[in-house]
Amino acid sequence: MIPSLEQLAERFSRLVVTNAVPSRSPLPVTTGSAPPVAVATPAAAAAGQTAAPTAPPCPVQTVDYPLKGYHLDVSISPRQVVLAAEILDQNGFALDTITGVDWIAQNEMEVVYDYFHPLSVLRVVIRTRIRRDNPEIPTISPVFPGANWHERETHDFFGIRFSGHPDLTPLLLPEDADYHPLRKDFTA
Amino acid sequence: METPVDTSQIVQFAALDDLLALSRANSLWPLTFGLACCAIEMMAAGGPRFDISRFGAEVFRPSPRQADVMIVAGTINKKMAPAVKTLYDQMLEPKWVIAMGNCAISGGPFVFPGQYAVVEGVDKLFPVDVYIPGCPPRPEALIEGILALEQKLTGKRRWPVVKPPQ
Amino acid sequence: MTLHLYDRPGVYLVLAAFLLAAGIYGLIRRRTLIGMLISGELIFSAAALNFMALNRFMTPDPTVGQIFVLFIMGLAAAEIAITLSIIIAVYRNYRSIHSKELSELNG
Amino acid sequence: MSFLTAEPVRLLLALVCIMAFVGLNAAYLVLAERKGAGRFQRRPGPNEAGYGGWLQPVADVAKLLSKQLIVPPGTDTILFRLAPLMVISPAMMCLAVIPFSQTLVARNINVGLLMVFSFGSINVMAIMLSGWASRNKYAIISAARVVSQNVAYEIPMLLVVITLLMVTGTMDLNEIVRQQAGWFWHWNLFKVWVNPLMPVTFVIFFICMLAETNRAPFDMAEAESELVAGVFTEYAGMGFGVFFMAEYANIVLGCSLGTVLFLGGWQSPFGLWPGVVWFLLKLYALIFTVIWVRWTFPRTQFYNLLNLSWKILIPISLFTLLLSSAMIKLF
Amino acid sequence: MIPGSDYLVTGIFGLIVATTVGGALLAVLSTRIIRSVTGLAMCCVGLAGLYYFLNSPFLALMEILIYVGAVCVTIIFGVMLSEPDEPEPQEKRSREALWGGVALLVSAAIFWGVARLGLQGRWPAPAAPVGDGSVQAIGISLLTTYSLPFELISLVLLVAILGALTIAHGGRGKE
Amino acid sequence: MIAPTDIPSRTNPQETFVLNLGPQHPAAHGVLRIKMTMDGEYVTRAEPIPGYIHRMHEKMGENRTWTQFLPNTGRIDYLSALHYNHAFVGAVERAARIEVPPRAEYIRVITSELNRISSHLVWWSAYLLDLGGFTPLLYAFADREKILDLLEAITGSRLTYCYFRFGGLCNDIDDAFIQGTRAFVAQMRPRLKMYRDLVTDNIILRKRLEGIGPISAELCRKYGATGPVLRGAGIAYDVRKVEPYSVYSQLDFHIPVFPEGDSMARYRVRMAEMEQSLRIIEQALDKLPAGPVMGKVPRVLRLPAGDYCYAVEAARGRHMVRVVSDNKDIPYRVKLRTPSFSNLSLYEEASKGMMLPDALALLGSLDLVIPDIDR
Amino acid sequence: MKASILDVPRGFWSLLVGMRITLTQFFKPVITVPYPHKTLPIPARYRGPIELTADPATGKALCIACKLCERACPSDCILVAGVKLKGEKKKSVTEFKLDFTKCSLCGACVEVCPCDAIRFSKNYNLASTSKEDYIFDLVARLQAEKKQP
């Protein structure tokens, strides 16, 4: 079964609406050729260098593929990553990768989930932000067993704890490693 | 009166030593041990184009007990270092080490201030006999390394020296 | 004459006696089934050697002893096959081949 | 006691000769194998030690001899040392009964064929012991494989040999050769009027011989990519060298047996050269085939190997056995 | 006849006897089961040598083929499957010693008795040979005089193989 | 042989024993360690432990400029260095909106496909080595040398090429390369047939691979496995077709798919891919336009803030580079999504209950490059 | 059943085909280039450790010690120092150290150089028993080369 981009965007915007962050009202899906910068707000775009750190105001946006390399960009709250994974699983997506980004200036960690569809050209990015001093997020490894390693790796590099993960021992770092090298404040 | 006999014996031992050194130099069995990029060039050196077997060095032994020379071909990181050390210890005397490629010599391009993973040179773990620089070195360089090891063992070079073209 | 030890029946008979004794000693001392099996084999060998020695030095027909030894070998092979399969079956079920621990087989 | 005292000294001398033959053969067969492998792969192989690489085996042996001697910790010391001896000596004993020419045979006994097989069976046990004594997981797995393999291939091998025994009616190897006098269609290999499946029998014999000597594609003893170095993992220096030698001694033995049983031994098709030349010619042709096979095929999977024996070779060899007994009875 | 070959032959004979005795001792005294099997194999090789001295090369080879090649290998296989090394003595040391003493006593007594019988027995002088003891003769006797035992042995072997298969298979089923 | 020679602890026979395969083991293709829990010859659990060649690529991405990171990409998966060059260069070009001249794109495709063939040849030879066949290795390396000669003549190195630049290539190809490549294509076809006769049709190999290590399409999806692993499970997923990059959309080729999902299917996929690569090279050579090989690139590269992805079909599967920029001349974050990582992660599940040689045949059929996993 | 029986001769035939192929290869000439006796041609673009180029007229290094290469190098393996000599417009190089053991041969230095003062050498067969041999003083090398052309 191959879902259409519109259906997916619709499904995710509903997810965002039902579980939206309280401060934010449900937002329409922005479509079409978004500006080259990731954020839709003109102010942020003008600001340039500080653009990326702020969370995109529009949680679900379709993106022009040639510009960014993916089709759908969804920002959700950390609680919803499992739900999002389930939706994508039902739609036949496969997990591409999971990674973190350490936004030290905002004192936040971003966790990015990339998905691709094995049967069609559809790339979905799910992103969420967690607090940097207590980075914890539910695991999606029950939905995608392949997430197990990706989450372990993210834990290695960023110290993000995936609650419910079966085994968070270092994967790529030595077994006794207690450092998280990709944090921006890491020193060897 | 007895001295001449003694000298002759010494001379004979020296000849025997030379013979042994020559034998060892012509029968360097490497350990099957590839780490990264350089390992592919090591395989290529065993390939038909370069054919390391001409020097009797194609008998790649997977067990360190039977290997004479360890060709460290690639980066050693801190997780791997104890294992490499164990392998070196499991090899029997006399044994030699060839550090192939920049990573094995000094950590290569993966060294930067504040790095956390790479061992900066295999000679930090155990003595190295021959260094072959390059990223990765060409198979000829590996053959040259084998010849350099032979030169180190026997004290002379039996092969012509190849000058690189300008 | 003393040199030709190999021409004297006594040597073989004493050797056979030794093998028998060793086998019996092992049979008593061993606590594993396979150990006992090995001792049993020694006893078989003692018998075979006796047969051969007597065949060589006493009987008119030199084939008889050899045939009996062949039979012994056949029996030994059969015995080994069956015993080992029993041992392995026992081992599978009881996870032990120590003869003491098999007492539950008694009742 | 004439059979005992007649020629013990000659026998000893012959044994020494055989040892030299085996040693020389092993050393230079290794070189031949390495150079042959090189040719199959379009490279020259060892050629820098001595003229054309002729001193390569000398260098290897000298190096192996001068390696440090250790018995790895945790091994069963006695068995660990005993095993290489047990591997090499039976092969040498067996070569004593192989007729290299009509007269060139260390000891011609009338049950020579039986001798080869009985001593050949010690080999299995030795490899098993070496694996066990090493106390290394790879070695133990490999040893278990070798035993099941050898046991499995002993059966079709013996069946084939029994088929041949029916044809020849004797276990005297020299007598078997003598029966194959004449042109090459008198060789047992081509005696299709005795048993139309004779070439098939030879192929089965050859396959079993490969398996019994643990040669590729049946080299379970030293399955490098799976089990590091198999049973030899813990062996070093000359201990390992002896295993190497034993492998080649066994190949020489197996190929000699093949030559004697199927290819007419020292019988010459034309009568140009003395018998021993013909024998060696046939022997090395077979050995070349062994090397050729090794450098052509990948290794078989272990249970495929057992399947091959139990499902294909044993039924076929049983069938040939029945066929030849029927043919002998009928004609 | 080369002078001194007598000594050589006797030496070989001594070696064979030593192998037999040493093998037997190793087989019963060693605590490691794998060494026991090696001892058994050694003992069998020695026995084969003895058979050779007893004028029967055929049986010597059969001994090696069957005992070393089949029996010992099978036992080692069994050992590998079940790994039975002698357990640590669980009983009290005194009882252990007692058992050892008893075993030694019994076996020594048997050895002494049987060996004495063997040495002292007045064996009648060998009669004139009837057959020649060769492989052919054995084959002929097997198929004529001893055909019934031969068939029986074959039957026993067949039953043993089938039984072994059944038992081993049944054991697996219960896992 | 790293594993200390400890005695298998089967004192409690119900227990299985642990076999430490690697980090130095002939079948580990480098320094992968697999902790195998074995029951006799059967694998009850095979837990891969990567990380023995972790080389901090992602950390290095954060402390050097965009240009300076380029040589690193060729060393992640050194067997398909050009694909990895391509992915990173593509991501930066996408972010900075750099136009690449068409000639450069065609040359990128030609060299990438040559690189794919050489990568598959190394896989083929190493796999055959795993399976105990040594001679194919030598034949494959002889053929591979021809590719290396071609690539070395234009890039200057044999293995870790650093040939692509942001906006194009560091130097143009010459006629010798074009003729050499055509000659190579002509030579390679009969060689591939020879490989088929010598190895693929060989009964021993077929018996070893057919039905061994089945991986279903669903398993691939759950683990994100791509490349020949996914195509060997019957899914025609190829980034070159699905998310066409460079000029692949203008070339006519098809994606070999084998539905069986066993090791033989993965094997056949790669063998068929080599033929397709030859086709692509021929077409690209025919269509090769004239013109410059370098586009307009600003002197100091600053990417607009945001994150950008670029995926390519590397020899082992989908390789995606995700760069996050904060409008500086050094990357804020470089994420390398490597195919071997995902492909290996399904190994534990796929290898359950297999015999050791089969498990190793499966491992080899995944075509792993260990630094590609560890990065 | 029939298929599996047919499999036997077919499989056997495939083995024979394989053996035929290796035998044909056996009789073909070797393709080895015996390295120390004969060498392969090294392509013009081969990337060996970098070296300084000299002005063909004066024989002096072209380098102006602008340190662009030092900054461009990803692995910090270049160290350049120069002085401004009297009477010359540009600086001239006094020290150019290359730590080749860290180099990844990426070519960044060669590309960034404004006056083509660096080029790749063709030293493809380096091997030595000391790793200090690979910390090249390129200025000294250039001078040594000049002395014995």
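The first chain written gets the first letter, and so on, giving A, B, C, D, E, F and G; residue counts start at 1 in each chain.
Basically, a residue touches a chain if its C-beta (ideal position, glycine included) is under 8 Å from a C-beta of that chain, and two chains touch if they have at least 3 such contacts.
Computed from a predicted model, the values in this text were never measured in an experiment.
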{"item": "Interface with more contacting C-beta pairs, comparing D-F to A-F", "value": "A-F"}
{"item": "Reference chain B; chain at largest CA-centroid distance", "value": "C"}
{"item": "Distance from the mean Cα position of chain G to that of chain B, given in whole angstrom", "value": "21"}
{"item": "Chain E-chain F separation of Cα centroids, rounded to whole Å", "value": "61"}
{"item": "Euclidean distance of C-alpha centroids - chain D vs chain G, Å", "value": "49"}
{"item": "Separation of mean Cα positions, chain G and chain C [Å, integer]", "value": "73"}
{"item": "Residues of chain D engaged with two or more neighbouring chains", "value": "1, 4, 38, 40-44, 72, 140, 144, 224-225, 228, 233-234, 295-297"}
{"item": "Chain B: positions in contact with at least two other chains", "value": "32, 47-49, 51, 54, 62-63, 65, 79, 109, 112, 114-117, 135, 138"}
{"item": "Sequence positions of chain F contacting 2 or more other chains", "value": "1, 13, 25-26, 51, 54, 56, 59, 64, 71-72, 75, 135, 138-139, 142, 160, 198-199, 202, 204, 207"}
{"item": "Chain C partner contacts - residues on chain E that touch it in the complex", "value": "6-7, 9-10, 13-14, 17, 20-21, 24-25, 27-28, 33, 36-37, 39-40, 43-44, 47, 50-51, 53-56, 58-59, 62-63, 66-67, 70-71, 74-75, 77-79, 81-82, 84, 86-87, 99-100, 102-104, 106-108, 110-111, 114-115, 117-119, 121, 123-124, 126-133, 137-138, 141-142, 146, 149, 153, 156-157, 159-161, 163-165, 167-168, 170-172, 174-175"}
{"item": "Of all residues in chain D, those that touch chain F in their complex", "value": "37, 40-43, 72-75, 134-138, 140-141, 144-145, 216-217, 219, 223-226, 228, 233-234, 295-304"}
{"item": "Chain E-facing residues of chain D, complex", "value": "1, 4-6, 8-9, 12, 76, 78-79, 82, 109-111, 114-115, 117-122, 124-125, 128-129, 132-133, 140, 143-144, 147-148, 151, 154, 171"}
{"item": "For the chain D and chain G complex, residues of the former touching the latter", "value": "38-44, 292-293, 295-297, 312"}
{"item": "Of chain E, residues touching chain D in the complex", "value": "1-2, 5-6, 8-9, 12, 32, 34-35, 38, 41, 45, 53, 57-58, 61-62, 64-65, 68-70, 72-73, 76-77, 80, 134-135"}
